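After this come two complexes, each holding subunit A, first together with subunit B and then together with subunit C.
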Partner chain A sequence: MAKLELHNLQKQYNPKTIPIKDISLGVEDGEFLTFIGPSGCGKSTMLRLIAGLEEPTQGQVVINERTVNNIPPGDRNIAMVFQSYALYPHLTVAENISSPLKIRKTSKQEIQQRIQKVIHQLGLSESLLERKPGQLSGGQRQRVALARALVRDPEVFLLDEPLSNLDALLREQVRAELKQLFKSQNKPVVYVTHDQTEAMTLSSRIALLYEGVLQQLDTPYQIYSYPANSFVASFMGSPQMNLLTLNCQGNHAVLGNYEIALPELSSVPRQIILGIRPEDVRLAKPEDTQTVEGNVYLVEDLGKEKLLSVQVKNSEITIRGLLPADQTWDEENVTLALPARAIHWFDLESGDRIQAKSSQTSVSSERKSA
Partner chain B sequence: MAVAPKQSAEGNASKISRKRVILWVSIFLVVVFCLAPVLWQLLTSFKINDAISAVPNVYFPSFDQLTLNHYMAVFTGHPFARYMFNSAFVAFCATILCLATGAPAAYALARLRIPGHRIYVAGVLIVVLFPYVLLFLGLFEVVQAFGIGNNYLALIIPYTGRNLPLTILVMRSFFSQLPKDLEDSAKVDGYNTVQMLIRIVLPMTVPALVTTGILAFIFSWNEYIFALTFVTRETMKTLPVGIAQLGAQTVFEIPYGPIAAATIAGTIPLILLVLFFQRRIVQGLTAGAVKG
Partner chain C sequence: MKPNTIRQREQLTGWLLALPALLLLLLVFAYPIGRAFWLSLFTRNLGTELQTVFNGLENYARMLGDGRFWSSLTHSTVFTAISISLELAIGTGIALTLNQAFRGRGLVRTVAILPWALPTAVMALAWAWIFNDQYGIVNDLLLRVGLIDQSITWLGDPVRAMLALVVADVWKTTPFIAVILLAGLQAIPEDLYEAHSIDGANPWQNFVKITLPLLAPQMVIAVLFRFAQAFGAFELILVMTGGGPAGATEMVSLYIYDTVMRYLDFGYGAALIVVTFLILIIAVAIASFLISKTRIDVTGER
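Let's turn to the complex of A and B:
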C-alpha cells in the first residue's frame, strides 16, 4: 500500500503559468523517489504541494489513505529539509532540533531522549547543542537540518536539494550517508534535485519532470537504458547522449554517406531522431558493420577517458564518443562503430521513444526483472 | 638618471602624506561643522551671563566664568521634569503604536500577494513626501472636532501617523530580505501563523524594530509645531515647547543660558537611549539561518 499518493495533481497560478500539470504517482514505505528536471520544471513546487505550503488547484495529496489537501503543513506529519536548511538563527542547535517537538507539547524527557538518539545517529557532537547556527560549518548546519527532520519520526520525508550548498567532496560523503540513513528509516522519501548523479545514486525510482509534466517515472537503470523520450535521453547521462535528426530512406536512416538500419517499424517516417550515448560509441573493428568515418575536431581529456567530437564525413552532423584514454587513432580521421543494440530511436514530432517490434519483448522482460 | 627615481620616490612619499593630511583636516572640519552648534550650546549652558553677552565672543570660558546656575534655574523655576515626562510618555506611546501597527502592515505588504500592492507602497511613499507643516491646520480642526485638545492623544495619534510610512517602508524591505524558507520551515514544524510570527519572525526582526523605533522616538521627542498647536496647558507641554517658552524676568531679555541648559538636558535622554539600543542594532543577526 502506498504511503504517499498524488492523484491528478495540478497547480495553476494563472492561465499561462501552470507549474504542475496533472501528475499522479505513489511512493511506498522505504521508497526513495527523486524528482529531477531542469530549473523551473516544477519539482520544488511539487514538494511544496506535498508539504502543504501551497494548495493544489486540482487533485489530491493522500498520506496513509488520508486526503490532506485541507490539512495545514504542521498537521500532516511530514518533515522537510530545505535547500537553505532554514535553521532558526536566534535559537541554539538543541532548540532548533526540538522545536517541532516542543510545539507538539512532547514531554521534556522524551525530547531529551530523542535529541540524544538523533545526534548520535548523525554523528553530531554534544558540544554543538548549545551553539547558534551561525557558529556552525556548512556541513554541520546540514546535519542539524536533517536532525530536525528525523527527530519528529514523521510519516513522509521531503528533501529539497539538501546537498546543493555543500562542497563537492563533502557532498559525495553526505550522499552516501543519506542513503544509509533513509534506508534505516523505512519511510517514503521524496527528494528534489537537479543533480543527476544524486538522483541516480540515491533513488529507488526517479521521476523526471519537464514543464510540469511527468516525462518518465522509473528506476535509475530503466531511465538510463530506456529513456521514454528524447528529452529524458538528453537530460540523463553525462556526457550528454548524441541526438541526431536524420532523414529516412527505405529501411535506413541516412547519416552523411552512411546508412543506419532502422528497427522494424509499421511505417517509416520522413525523419527520425537517432540517439546514442558517447560511452556506447567505440572505435570500429574490422568486423563491425555499422560504422561512420569522420573528422576529429576536438578532444577533451577526462583523465580516465577521452571525449572526442567527430564531424561525420560529408555532413554537418557531429557525434561525440567516449574512448578509453589508452586507445590511439589517426590524428584527423577516425572510424567509429555505432552498435545497433546501443541505438535509441525517437519520433521527431513527439520526441517519444520508438520501440522496435522485435526488441519489444526483450525490453519488457528486462523491465520485469529490474 | 640615478637621481631621478630618488626624487620621484620622495615626491611619492610627500604625496601620500599630503593625502593623509588633507584627509584628516577634512575629517576635522566635518566634525567641527557638525558638532560646533552642539558644543556652542554646551558651553553657553555653563557660561555666566556676562560671558554669554560679552563682545567679542568668549569661545572658551575661563574657570571663573563657569556656572551651574542656568541648570538650577531650569530645574527649579519651571516644571522641567514635567515637560520631560510629557515628551517621554508621548514619544514612547507613539513609537510603540507605530511599531505595533506598522510592522504587521509591512509584513503583509512584503509577504502576501495582495493585488496592487505596489500602489499601496507608492501611496505610503507619497505620504512621506507630503510636507507635514501643511497638515497641522487641518489636524487642528480634527483635534477640535474630537475634543482631544490638551490631551496626550492629540500628540500621540499624529506622531504615530507621521512615523508610520517610514516604519512601513523600512520594515517592508527588511521583511522582504528575510528568507521565506524560515517561515515555511516553521509551518512544516507545526507552528500556526501567530506562533510563527511571535516565536520565529519577531526575534529576527528586533534590529529593524529598534532602528525604526529610535527614529520614531527621536522625531516625536523633538517635534515642535503639533505640540505647540494642540497643547496649551502648562502641565501637558512637551520639552521643545517648554524650552522655547522659557521666559525671563523682562520681555527684553532672552534667557540664553537657561535655554541652552534645557536643550542640553533634554538631549541627554536621547543620547542615552541611542547608546543603550545601539548594541541591539546588530547587523547579521540572521547569519547562519540559511547558507552562509
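Let's turn to the complex of A and C:
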C-alpha cells in the first residue's frame, strides 16, 4: 500500500520565479496521475520536488504518511524515468538495470532473478544485457530506463516525458504497453507530459498546470467535457476549442447577426466567452434553432474528417468545425449549427467556467479528495 | 592523369590541401629526429677534434655503463611520477570545486589559471627565492609557526631540492590539468547524477561510479600531456637547482644539454636524445592505447 500526498507545495527560486504556487493533491495505489501543461508551467519541477531532487520552499511531500521533505532521493523509495533516460553510458544494460539494487546491497542471486523478471516483463532480449546504451536503439534505451525503475519495486513511480524521444508510431505502441504495465504494478504513478493524447489515454486523473497553479484536477472525461476555465478548454482537445469573445444583450450573446441564448445567470455581464469544440459544430439541419451562416475560407482534410474554418457573416469572428469526410456542402457558404448543450460559457475576466443553474451538474474537481 | 570521378577529384583536393601541413611536419619533426638518429651512430667530440667518425652502436653501448645517464633518468622518472600524481589529485579537486555554481566562480577560474600563464623561468626564479635558506619565505613561515628551530637549506639537500622542484612544478601546472578536467566534468550530463542519487547513491558513490569513469578519457589526456612535459622539464630545473646539489636533481634533459652544449659531445648527445625520445614515444603509445580503450568503453551518447 502506498500513497503520495502533496500538501500546499510551493517552490520559489526568487521573488520573481515561482514555478510552483501552492499545490495540494493525493495519488493512491494504482492511480495514474498526469501533470500536463505548456512548457514552463512547472510540471517537471513538480516531479523533481516529489523525487527530492529539489527541496520545496513550503509545504510537504508525504509518502505513506511519512513527510519526506528532508529525506534524500535515494531513501524515498521512488523510481524515476528521465526524459533523456539518463542511462549510464559506461555501464552495460545489465549493470544499468542492477544499479539501484547493487547500491542497496542486494544479493547477486536476487539481482539476477529480478533482472530476468523485469526484462521478461518488458520484452527486452537477453542478448542486450551485455551491450552499452550507445549500442541500443531509442526504443530499447527507453525500455532499459523503465527496467531500471521497475526492478526496484518502488512505492511510487515518477515518469518525466518518457515517450517524447520516440518516433510517433513507436510512441503509440509503447503508450499502450505502459498503461498495461503500470496497471499491473498497482502503485501510484506520476507522469509528466506536454502531449494531451498521452495524458488522456494513460491517466486515471489529469492535473493541468499553468504558471505554477493547478487549473483542474479531474478524470480525462471530466477535463474534456467540463473544462474548469477557458485555459483548460483551449489546452485540452485537438483541434482546439473555438473560444469566442462575444457581447451580451439581454439574455443573449451576439455573434454577428445571430443571437445565442445565454444560460440562466444571476447577472448578465457585458461580455462573455463562448466555447464550442470543433467536433460539436455540425452543418445545420432544418430543425436546428441555433445556427450561424458564414463563409468557408479554409478546408483542412484530415482524412477521416475535414476541418472547416468559417468566417461568420457580418463579423470578424471565425469558427472551426470538424465535419465527416463524406459530407458535402456549398463551397462558399455554410450554415452551422451550434447545439446549446455543447456550448461552454466562460467568464471574460477570470476565465472561469460559468455553470448554468439548471443544466449539467458538474462534478467538482475536489470530489475525490473530499 | 585527369581525375574523372567526383571521388577521385575529392581525393586529389584532399591531398593538395594536406600537402603544406605534411611538408611542414616532415621539415620540423621527421628531419631533425632522423638527423639525430643518424648522428647518434657517429662519434663527434673534442676527442675527434669535432670530426665525424662512424662508430656503429658504440654510443648506445656507452650509455649502458653511463651511471650519470641512469641516475638522471631516475631523477626524471621520480620527478615526473610524483608531480603528475599530485597534480592529478589536486587538479581533480580544483576542477570539482570550479564545476560547482558559486558566487564569483568566473573570477576564481581566471585566478586559478594564472600560474599556468607565467613564464617558467620567471616563476622558477621566484620559487628559488621562496626556498632560499636565508631569505626564503618558506623558512620564515616554518620558523614563525614553530615547526623548525633554525633555517633549513632547501635547495642544498638532495631530497629537499627535489621536493622544492616538485612543489614549484605542481604549483605551475596543476591549473592546466584542472582546466582539462573541468571541461570533461561539464560534459557529464547532470541527470546521470540525479538518476544515480534516485538509485540511492551518496555523493561519494556518485563520484566513484559516475564522475571517475566518465572523466577517465580527460584524465588520460591530461596525464599524457603532463608526462611529456615533466619528463622533459628543463628551465625549471636549470633555474632553480641547476641539477644540483651534486647532480641530485639532474634530469635527462639537463644531462643532454650539458653533454651537447658543455662537453661538445655531439654524437653521444644525439644517442641520448634518441633513447629519451623512444621512451617518450612508448609511453605516449601506451597512453593512446588506453585512451582508445576508454573510448570504446564510453560508447554512450557521448
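In this section, the second predicted complex is superposed on the first by the 357 of 370 C-alpha atoms of A that agree within 3 Å, B and C clash if a C-alpha of one lies under 4 Å from a C-alpha of the other, contacts with A are read in each partner's own complex, and residues count from 1 in each chain.
Keep this in mind: a contact is a pair of C-beta atoms (placed from the backbone, for glycine too) under 8 Å apart; a residue touches a chain by one contact, two chains touch by 3 or more.
What you see is a predicted model, and the numbers here were worked out from it, not measured in a lab.
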Simultaneous placement of subunit C and subunit B on subunit A, clash or fit: clash
Touched partner set for A:150, first subunit B, second subunit C, both or neither: neither
Which superposed partner A:80 touches (first subunit B, second subunit C, both, neither): both
Which superposed partner A:236 touches (first subunit B, second subunit C, both, neither): neither
Which superposed partner A:89 touches (first subunit B, second subunit C, both, neither): both
First, second, both or neither for A:217, with subunit B first and subunit C second: neither
Touched partner set for A:165, first subunit B, second subunit C, both or neither: first
Subunit B versus subunit C as contact partner of A:136, first or second or both or neither: first
Subunit B and subunit C contact sites that coincide on subunit A, given as residue numbers: 51-53, 72-75, 78-80, 82, 84, 86-90, 99-100, 103-104, 132-135, 148
Contacting residues of subunit C [partner subunit A, same complex]: 189, 191-192, 194-202, 205, 209-210, 213-214, 297-302
Residues of subunit B touching subunit A in the complex: 179, 181-182, 184-192, 195, 200, 203-204, 284-292
Complex contacts: residues of subunit A adjacent to subunit B: 48, 51-53, 72-75, 78-80, 82-90, 99-100, 103-104, 132-136, 138, 141, 148, 165
Complex interface listing, subunit A residues touching subunit C: 51-53, 72-75, 78-80, 82, 84, 86-90, 99-100, 103-104, 132-135, 148, 152
